[in-house]
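For reference, the structure I am asking about is given below.
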């Protein structure tokens, strides 16, 4: 317990101090890291803790991003308000999608969510919706300045905003997992039939998890839209879902802090691969991924958890 | 050794009267660039690779006005968030003078505001979207060509030569396809409603487009406007042959290459296709002995031997680099961002031998599309024939 | 009426492409219980190998046979070298490895053979047949897909090796207890899947042109076809592929307003609908289990 | 008689917990040995350890060869047939295919066909159902199929894990009668784990009692029947 508390405090201190030490570009990168971490955390709630496989989280990310962009662009709603609204909209979509998903398992669920991921950019491009979505051209988002006259640059302000949202969502997720609900989720992952017989309402929990997971990823999408200042349909293809999945596995399944490590991986390693070779960057990235799975087949989470166990066992 | 250093010092002293912004100095011009090196559209990565080779050649020839070019190019994987990240890396960490020929509509839209806030050039954007030729709102962003211009050229040709045409539109469902459609419709004006009898689009993830062509044939059209990328264009040409459907066939310039589209589709099948172009098709036998083409081939052999000579993207990239060099030459020793922008908007009938005869590049403070002159061409089964002279595709 | 017929036939032709890939998907799913995301890129790579051989002057069928053999060996090798050490890792880790392989093969194809589209010869010729409804290659491809299905059926139902493969897939522990070398069966499954993928690639390429991203879309449809068919049944895979092809064409032609832009979306929604009512696919085995 | 299987100091573990703590026992050539013990004593694990289905250490000599380092397939190929708990039926395959699989390591189509007919002789009901999916059989039929499948290997040693579990008494009797016939007519040895100790002891020539992963008693069936304490706790009278 102590180790975790100490590392949490160290992380917080470093995170708060970071913008004072780093350049604008690096702050931007770390902000994107936190955005992806929130999305991965959402995926982790569903896949890691509840055992439901999803290839569709790019869709929820897209819906969150577009919700924020359209609310700001067409309705003049303040950017802060778009975050909970994007979360709510994605919760509703995810919850509704959770119902058909109930009847599907494993690979079949993967295909259904995959269908969602493939369909979303096409729907966003749809001619009848162009007035709202901007069609193939996408929507611009204005970059907010620091609130309440704080002496921060726009980059720093967005960073602190994203950090606060991340911490808030992290704590919520942590409490959720530690609660009776969390134990129910794990029980469902391990053995749905046994969970049912223990009196757990499996359908309700599964659909709710879908909703909550989608909401997390949607909030990440909204933050991403604000940070990037632009949304376009082809940013949210099926490969984004795959990227989140890679982040989840690298960070560690069913281990919340792993989201940060996974996000760092999907953000920085492609750049690193590119430096190895422009012509073979894709292959380099692939090789790094595979080697990493050899070194830590259960992701960073697996290593940290077994290290913690070893320390405690002493 | 000391003498050599002294000479260098003297030389740089002589040039010390230069004016500079971040990214330029007496000895160096730092240029930023991104395009997809990885991911599903990594085919475009050849643009960055060719340009890297091109500037190596320029540097070997002594650079521009005595300054070496440092060309920094990154992978944006065709993803706007990544493009923003790479742009900020270029601008804030690498401290480049500006972005030259960055690729992709969405990626460039995503950085347009940032570049204009930074008051740094984002020029010759590799995209045909109309948004990049808007000097009033975005004075630091300049496009290259405009899909709409080309669309207008075909529409005007139809109005003149086949006013009772029934047109079927076949387009890629993104900014590329829709850009052409917009220009085409605009130039047809009121007649668009009656002339356009069928429309079908495709996504690049689709394996085949047979169904769309079948549907368009059933619309009863006698003109097909084909706005697709080379692979799908080739499929479409072949499907037309299979269906024995022989409409008047317009094919957009980006796919109208003998080597990468018409050859695979079958030269015989491609006879009669009308397109436009502004530069020489490296796969057209017409230019086999052309000095500009020979020169380009020699460059490819020496500086970019791994590049694919049957890919005309490499001609395009060469041409853009030449234009960038022209802008930098014009800027002289005043390498401020403002002057780069000023010179980019001050190309007066610039011409290079890779352009088709008669095509020139012109920009002005109100005209941010360098390429607007196009040559209508028709395929005769072996090579492209010119139809009429060079025409102007800008909005009237 | 003619349009309807045309769209159905052209859907069947496209569907045959999906069916080919779906067969490979089912093969790998049978032996490892996952979808292999790299399957398409592996098939593309194989097809490039065949193209290279033909360019070097090999006769078509020699190149074909050699490619199939090389792909089979390559598949076995990937299982032995890449996946064997990870056999106890969680399933999701395998998915990351698939994605890594996808990136590697895709990149390698583009790096070695460039991105301009290449024509790939068809052993059946290219001219139209049946009026203008299908071309000879498409007809040949449909025939070949069905032929491959028959061969697979015979292999699985009539040979002891086929039986061992099925046993290892259905119940690895029991398979070991009758002496089946399950590890090798998995490698064999990889080999077969990659050989079938190579055949699929060589059948598909003449119609859609060969380039490094040739299979990107095809694999998505192949997944859909395999899942509709039930993932475990080769017949289901072929039927599923054909259904997806036809459904998509009909959606694109007859659904008003959004049909053309959303033809894949509509097809996918229908698939999900099918799955909701028949969660293990149209041909998936639903077994009355007795304890 | 010499030992066909002799086990010394066998340990086995699942994950962190050790289940077997150094077992010693033997199965004679042509003999029937029974392992008795309460739930959790390690009986099933012992069988699984012999077949290499769990991590194990110690010495296992089968037919003169050490097999403690062989894979499951390797052990089976030496002639050890295992009828596992839960029967291990290939539910999606037909009865016929299940039997074919039993002989998958053997050669000679004719002989295999002959052996299938022989199994149908023991279990006529299987013949009626030969092209049916095995998952549709009743529990008793599946147990018969499991035994028949094991016989198809022509094993030297058959490991039987709770062959009577969950079956009606009539069927149990039928199956044990066949065991007796088999043991008498062929030289096949058996190692049986059984809850129904009375039944098993009728068949066995040796018995071992296990408690928490250790052998606590070894002897002949009569030794158990004659020991009042053992009789009470294992035979219930």
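A, B, C and D are the chain letters, set down in written order, and residue numbers restart from 1 in every chain.
Everything below uses one rule, namely that a residue touches a chain if its C-beta (ideal position, glycine included) is under 8 Å from a C-beta of that chain, and two chains touch if they have at least 3 such contacts.
Computed from a predicted structure; not experimentally measured.
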Steps in the shortest chain-to-chain touch route ending at subunit D and beginning at subunit B: 2
Chain ID, smallest distance between chain and overall C-alpha centroids: C
Chain pair bearing the highest count of C-beta contacts: A-C
Furthest chain, CA centroid comparison against subunit C: D
Chain centre separation (subunit A, subunit C; CA means) in Å: 32
Intercentroid distance (Cα basis), subunit D paired with subunit A, Å: 52
Approximate Å spacing (C-alpha centroids) for the pair subunit C, subunit D: 42
Inter-chain centre distance, subunit A versus subunit B - centres from mean C-alpha coordinates, in Å: 36
Touching two or more other chains - residues of subunit C: 103, 107, 220, 261, 264
Subunit A residues counted as touching two or more neighbouring chains: 118, 122, 125, 279, 281-282, 285
Where subunit B touches two or more other chains at once, by residue number: 38, 40, 42, 173, 203, 205
Topology of the chain contact graph, where touching chains are joined (line, ring, star, complete, other): other
Pairwise chain contacts, counting only pairs that touch as defined: A-B, A-C, B-C, C-D
Subunit A partner contacts - residues on subunit B that touch it in the complex: 37-40, 42, 45, 48-49, 73-75, 77-82, 84-85, 88-89, 91-93, 105-106, 109-110, 113-114, 129, 131, 173-175, 178, 203, 205, 306
Subunit B-facing residues of subunit A, complex: 23-25, 28-29, 32, 118, 122, 125, 135-138, 140, 143, 224, 228-232, 234-235, 239, 267, 270-271, 273-274, 278-279, 281-282, 285
Residue ranges of subunit C in contact with subunit D within the complex: 160, 163-164, 166-167, 170-171, 173-182, 285, 287-291
Complex contact set, residues of subunit C against subunit A: 29, 34-35, 37, 82, 85-86, 88-90, 92-93, 95-97, 99-104, 106-108, 111, 220, 223-224, 227, 231, 257-258, 261-262, 264-265, 268-269, 271-272, 275-276, 279-281
Contact footprint of subunit C on subunit D as seen in their complex: 51, 53, 71-73, 76-77, 81-82, 84, 88-93, 97, 100-102, 104-105, 133, 135-139, 149, 153, 166
